[in-house]
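Each structure below appears as structure tokens.
Each of the two complexes below includes chain A, the first together with chain B, the second together with chain C.
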Partner chain A sequence: VGAVLWHLRGLLRVGFYYKMLKRGRSWLLVEPLIRRMTGIGSVPRNAAPRPRERLYHFPELCVIGGGVAGLSAALAGAERGVTVIVAEEGGIGEKIPPGMVRRRVDELHAQLRTHENVTVLENGTAIGIYEGPLVPVVGPDALHLVQPSRVVVATGASERHPVFPGNDLVGVWLGRGAARLAGAHKLDPGSEIVYVASTEESLDHLELLRTSGVHVAAVVVPDALSSGVAGGVRQIRNGEVVAALGRTRVRGALIESPTGAERVRCDGIVLSLGLTPRAGLLRQAPEVEVVGAGDVVDPGCGLAEAEAAGREAGATVSYQKKLVPVARASGSPPSGVAREGVVCLCEDVRACEMDTAWREGFQSTELLKRYTTATMGPCQGAMCHDHLRTFVKDRSGSPAWSGPTTARPPARPVLLEDLAAGVRTAIEHRTGLHERHEGLNARMEWAGAWKRPDNYGDVSGEYSAVRHAVSIMDIGTLGKYYIAGPDATEFLDRVYPCSVRGLKEGRLRYTPALNEAGYVFDESLICSLGSKGYFLTFTSSGAGPAEAWLREWAREWGSNVYIVNQTATLGTINLAGPRARELLARLTEDPVDPDSFPYTNGREIEVAGVPCLALRVGFVGELSYELHHPALRGPELWDALMERGTDLGIRSHGLDALKLLRLEKGHIIVGQDTDFDSSPAKLGLEWAIKMTKTEFIGKPALERMSHLRLQRRLAAIRFDGRVAPVEGAQLFREGEVVGYLTSSRHSPVLGYSVALGWLARNGGDFPDEVVAMDPQHGSMPGRVVTRAFYDPEGARVRA
Partner chain B sequence: MAFLIDCPNCGRRPRTEYTWGGEEPGIAEPGRDAQDAWYGRAWLRRNASGRQRECWFHAGGCCRWVAVERDTRTNEVHVLD
Partner chain C sequence: VLELIPAQAAVILCLGDRTHLDSLPHVPGAIRCTIAPDEELYVGPITIRHEILAVATGHLGATEPAGLVVDQTDGWAAWTITGPHREYVLPRLAAFKLPAARPAMVQGVVAQVAGKILLQPSAIHVLVRAPVAHHLRERIFEACRDLDPRLGAPVPISLEVTLAAAGTREEGHP
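Moving on, here comes the complex of A and B:
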């Protein structure tokens, strides 16, 4: 098929796919064929991405390019004592053929190594300059995110690849490439070559090729350079290669010169026609402090010039907002584009195809680029961007349409796995008891950044242990803080809606945490430790934001308080169940009888030799003690409780059992049962708010809201029957939607299902009877209750 | 949105280490009552196009609030304290 298409190439003009195949469904059929024929690879399905890290750097100076100019810039920066990162696509000096330039690069590199404040990222490709500036550098084993204060772009220049018929044949070389082939790899670019020299550097390359044994059939050279060509080589003065002859490889060259046209037999054409700057990165960064140095702004500059430019760029303290490349880089491209030949080698766009596109009306660089895909290949226009501009300039005559195309990052093809560097790194928070849970075959689940036991394989057994015997749970993920300092009492009193001033030593209080808008965003226990200050807890998910919240107010009020985040350093075990006290008494010598240690009190006691702050609270609705202890001693405490509680029927319970236990008490979980605009009144938490206080966060908002009629509220709803409606089920009253369920479970101890849900007013009043629509079980009638389902008097928690 | 903030404790760090705390809340004007002051603080934002005073919390570092002036158009940041 390929050969057939080769002969039909005249028909496969630019836009062929759009015109012929993008109709109806045909594209679906031919796309796979085209992809295969054009050599577009497929994505391997089984190859797992390499685990790659993401590293952050904040140097003063980032230099892109490790040539003479780049290394000089880095050196100048390093000598001034600033931190420098150099990103070089390959190895330093690796691509430069042996010679003066290579020697200088090696010298500069050696000097750089003596500076500790310089990091050289070899094989590190800078893929763009983003706002910030941010320069992502793709390295062999990491993605480096470099955020410097200043950027020096010294990406150099590549040799111009001229457009003439046959310029894509095998055997057409650029001077540097041929020299590198012969010099570094000892491979000949051909047995008999035509060399086109028009730069100083090209004479060195010619000499290198000759000494390595390549036969030079002719040298096409301008008068000015002819004296530099060694004797014995045939010269064609002031000539130009107008075509390469041959079908798939070079068989000869057609050369035009003032003395006429001639064919020269050869199997290689080496072209040294000057440089075109690799200014893609420079053009990308319009708003960033970036400066270019060396060939990228001054193609063909000498060694000394590049070094001087580099040193100047590296030593400059602050750049102008924008330093554009000098005229030679963005100004008029050198010469016209031939009518035949390949313009864009990456995308295989021919001059005749550009003509077609032009005739079809795509008459600017931006339009031609999009239509023909010229400059859109892997080199991103490094070789053909100038050709594109020349082409437009020749035809339109208007500079407005031949401007440079917009350069956007990335400047290089990037692997998705490089972009994804670091995103697969999940940081798993573990409590000090993680190994104990694993030992008990717990099913661990994500809870925010934490891994927590959901259950230990027997949810109802775990539940029963809490209700009828004794059980422990790891709640070390709670946010835990010490607040101390001269202003601690006043500070907390201003923060929370409950009275902290009136809190006696050893007493604790539950309180919602309100924001300025008067909405509940978390809940806290506050325990007074007397002269030692206060101990605070937050929910697991609120632990992080809580610190920012506390510090924000301390800063705003100028309060003299210490806020010590103990979330990671303290572990917590909740010991709960009717026999909890019996077990605790076995492990401590401190008094734990109900008179010495009643409900809503906190005591510093020693349990199994571990110092604990024990808080008597009742989230699960039974006699319970939260034992806050040094996290490292958690396993010791856990083991002692499990061992001494064996005869009492102790077992550990997980999150699954907890969710039912608290629901039977009608206790909310902030985030699950609450919304962003849940005021205490909506949640039925007015009892926890002391509006007579002069000040607390959210008080003015609550005062304002108190004049408004409550439109929605969270209600406890009872469903009779053995199955609970699904969480999230809609609630109806006489055919009207009145709300939805936020939590719902079947309670084995009560024999019916317990639920929390949001209700709106229905004809003036909140409904007292609702119907839940369950997708599986249909409509399920429920009754709104006003008190906790389980132990409404709270006798069990006070026991 | 890649820029650096100079933390007075930790030094120069990328903004991804910080949590945005919003505009610096307005100071209550004398003569206006507490209700209005709180209302403005809770609900009203200037949302300036240009330089505005903001609070950033160094959550991935030392956990301190840093007051900065940021240009919302260019993300130029000047630390105030």
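Moving on, here comes the complex of A and C:
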């Protein structure tokens, strides 16, 4: 197939995929084929990510690049006594062919080793320079986040890879690569080569190749350098390779010179045509405290110049202005981009495709880059950025359209596992009773940031214990706060829609927390502690935002109030069930009879010797006491309750049982049953809103909404039968979708299924009968009922 | 060798006007850190928890009627990092630069959780909220596995040079 496509390449111009295949189903058919042919392969499904860590560094100076300029900068900094980090993409000097430069690099490296204030990160790839400056360096084992005071970019320059027909054939080499191959690895770039020289450095490489035994068929060289070519080598003066000949590998070179064109038989073409700066990092860097040194700003500079520039950069205390690369390349200047040949080797963009794109209207460097993907490959334009600019400049004649493209991090391809080094996506929060739950073989589940017991292996038994005996649950995950200070009462009264000012000491009140739009985003219990202020709870997963909400309003109003987060300091056990009082009385000498400690009251009592703030609430619909206690004494309290409650049938219950227990009472769970625009009226919580108050957050919005007809509301729905419709099931009325279920369970104590769901008006009124469409059980008729399914009068919670 | 020791620390939070907080007395064996404009935190060995509480309550009770003293000992977990490699730990877990001076206190995110760091001449103490105490321990062991970390037995926190005594109290990062 590849051979066929090669012959059809004239048809497969840039944008071919977009134009021909990205429509209909054709892409689905050809995508697997393209992937297989291009070797993209498939994503491994069983690969485990490597555990990577990140290391933070705060040196005075960060040097990117371990060449002569970079090492000189590091040395100058080290001699001044500042801390230095050098990041080098490979090993120091390993990519430099043997010769004078390599020797100098080795000397500088040896000198650096004597300085303890220098850290060299070999095989560390700097992938960007961010504001700060911050330089992330991907190393073999860790991601280094370097936050230096100053950055020296000494990333050097790449040899220019000219565009001519056949420039991507096997056997076309760049001078430095060929020299390294022969000098360092003792491998020949070909048995007979044509060498194109245009710099002093290229003559060194030519000599290295020759002395390594490579036969040079011809040297294409300008007059100015011809004297540097060894005798006995055929020279073609002032010539230019205009094509590499061959089908899949080089068989010869077509050379044009003032004396005419000629074909030279060879199996290797080595091009040493000067340098273009590897300036991607420098171009993306912030304006201050970053400077370039060496080839990256002065491509083709000599050894002494590079060293001097590096030393100056390393010794300078502050860089006020970024030094950008000079707009020139060493050696022969680019003489335009040929009509044939590959422009971008990484992305396989050909010159003819650039032409096509240009004719189609993509007539600037930025547009051509995006349309053809030239410069967007792994080398990020190191080889082809100049070609792109030259092409546009030639065509447009205007420098305005041929400016450099925007350089952005990452400057190198980076693995996602490197970006995620040292980061844990989920940090498990545990209560002080975590070990107790593990001891009871609890099945732990995520609940927000917390790991909580979902059940202890017998949901039905746990549920029954609450309804018929006594049970305890760890609810230490609730957000818990003290609100104190001179303005505490006024502050809470302005914040909440209930009356806090009228709350007597020892009384507690439920209230939704509203945002300025009048929507419920969390809920609170407020207990007055008299002169000590107030004790406040939020939901487990909503506590963080709710605390920020409180603090923001305190700051906005300038309230003299203390908001003390006690979530971690206090543990909470909910003691619930008809025999809860009986058990509590066994463990406390404080009065807990209904008259002394009635519903919606809070008392400071001692339970099993543990000081507790006990709140009588009823989320599960039974007599309940929330026992807020010092967290470290939680296990002691838990053990005492379990031990003294054994004969009463005590069990611990988890979230699974809780969700059913509260649903039977019609109590909502914020986030599960509410939406982003749930007003109190939609949730049936008008009773908790005191509109006669002068002020509370959300009041103006509620006043406006009160004039509008309610379009949606949360309703309690009864489904007869033993099977509850699935949560999320759509609700229908006379064939029209009227809503969906947010919570749904079968109630053992009631003998039918109970649910909460959002309903919209259907023909003017809210429907009183609906049909839930369950994917497994089909149509399930339900009836809208009063909110509390279980104990609607609340006699059990008030017992 | 790196040793990680669960440190039993008393943590007492004092809230009030800055003028009165600044005059909170020194409690021998404990340190006092400014953690917010209107918050001061005492940290000391668990053995002097009630002593700190009494001193703080007595002082604020007498000078700042609107002040508040809250015993938050149960809400914090302290880890003491000792051993010759102790200085290598935080650069692997915290994105901020530690002060060179000792003693010092800084606040910031350590291993992705909020922490308070007490830097002392021969030890580093890191305080995090109790619900994530295990997380910090796990992350130190993961990130420093090459430093041969070992878990020590719990002991009362030892603050051999107090910030107040040294006169170098340092406010943390906001």
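FYI, the second predicted complex is superposed on the first by the 407 of 799 C-alpha atoms of A that agree within 3 Å, B and C clash if a C-alpha of one lies under 4 Å from a C-alpha of the other, contacts with A are read in each partner's own complex, and residues count from 1 in each chain.
Rule of thumb we're sticking to: a residue touches a chain if its C-beta (ideal position, glycine included) is under 8 Å from a C-beta of that chain, and two chains touch if they have at least 3 such contacts.
What you are looking at is a predicted structure, and each value in this text was computed from that prediction instead of being measured.
**Student:** For A:570 in the superposed arrangement: first (chain B), second (chain C), both or neither?
**Tutor:** Touch status of A:570: second partner only.
**Student:** In the three-chain superposition, say which chain, chain B or chain C, touches more residues of chain A.
**Tutor:** C
**Student:** On the A-aligned overlay, A:632 touches which partner chain: chain B = first, chain C = second, or both, or neither?
**Tutor:** second
**Student:** Quick check for you: in the superposed arrangement, does A:560 touch first (chain B), second (chain C), both or neither?
**Tutor:** A:560 sits against chain C, while chain B stays out of touch.
**Student:** Per the contact definition in the header, classify A:551: touching chain B only (first), chain C only (second), both, or neither.
**Tutor:** Only chain B; A:551 stays clear of chain C.
**Student:** Would you check which partner chain A:132 touches, where first means chain B only, second means chain C only, and both and neither mean what they say?
**Tutor:** first
**Student:** Would you sort A:56 into first (chain B), second (chain C), both or neither based on which partner it touches?
**Tutor:** both
**Student:** Contacts for A:430 in the overlay, against chain B (first) and chain C (second): which applies, first, second, both or neither?
**Tutor:** second
**Student:** According to the stated criteria, A:701 is in contact with first (chain B), second (chain C), both, or neither; which is it?
**Tutor:** first
**Student:** Which partner chains sit in contact with A:279 here, chain B, chain C, both or neither? Use first/second/both/neither.
**Tutor:** neither
**Student:** Which residues of chain A are in contact with chain B in one complex and with chain C in the other?
**Tutor:** After superposing on chain A, chain A residues 56, 58, 145, 147 contact both chain B and chain C.
**Student:** Would you mind writing out the residues of chain B in touch with chain A in their complex?
**Tutor:** Touching chain A from chain B are residues 1-4, 12-14, 19, 21, 25, 34-35, 37-39, 41-43, 55, 57, 59, 63-65, 74-75.
**Student:** Contact residues on chain A for chain C in the complex?
**Tutor:** That would be residues 51, 53-58, 145, 147, 422-424, 427-432, 450, 482, 484-486, 533, 560, 562, 564, 566-571, 630-633 of chain A.
**Student:** Over in the complex, which chain C residues touch chain A? Could you list them?
**Tutor:** Those in contact with chain A are residues 13, 15, 38, 66, 68, 70-76, 91-97, 111-113, 129-132, 134-135, 139, 142-143.
**Student:** What residues on chain A touch chain B, complex-wise?
**Tutor:** Checking each residue of chain A against chain B gives 56, 58, 130-134, 145, 147, 287, 515-517, 544, 547-548, 551-552, 555-556, 565, 699-701, 703-704.
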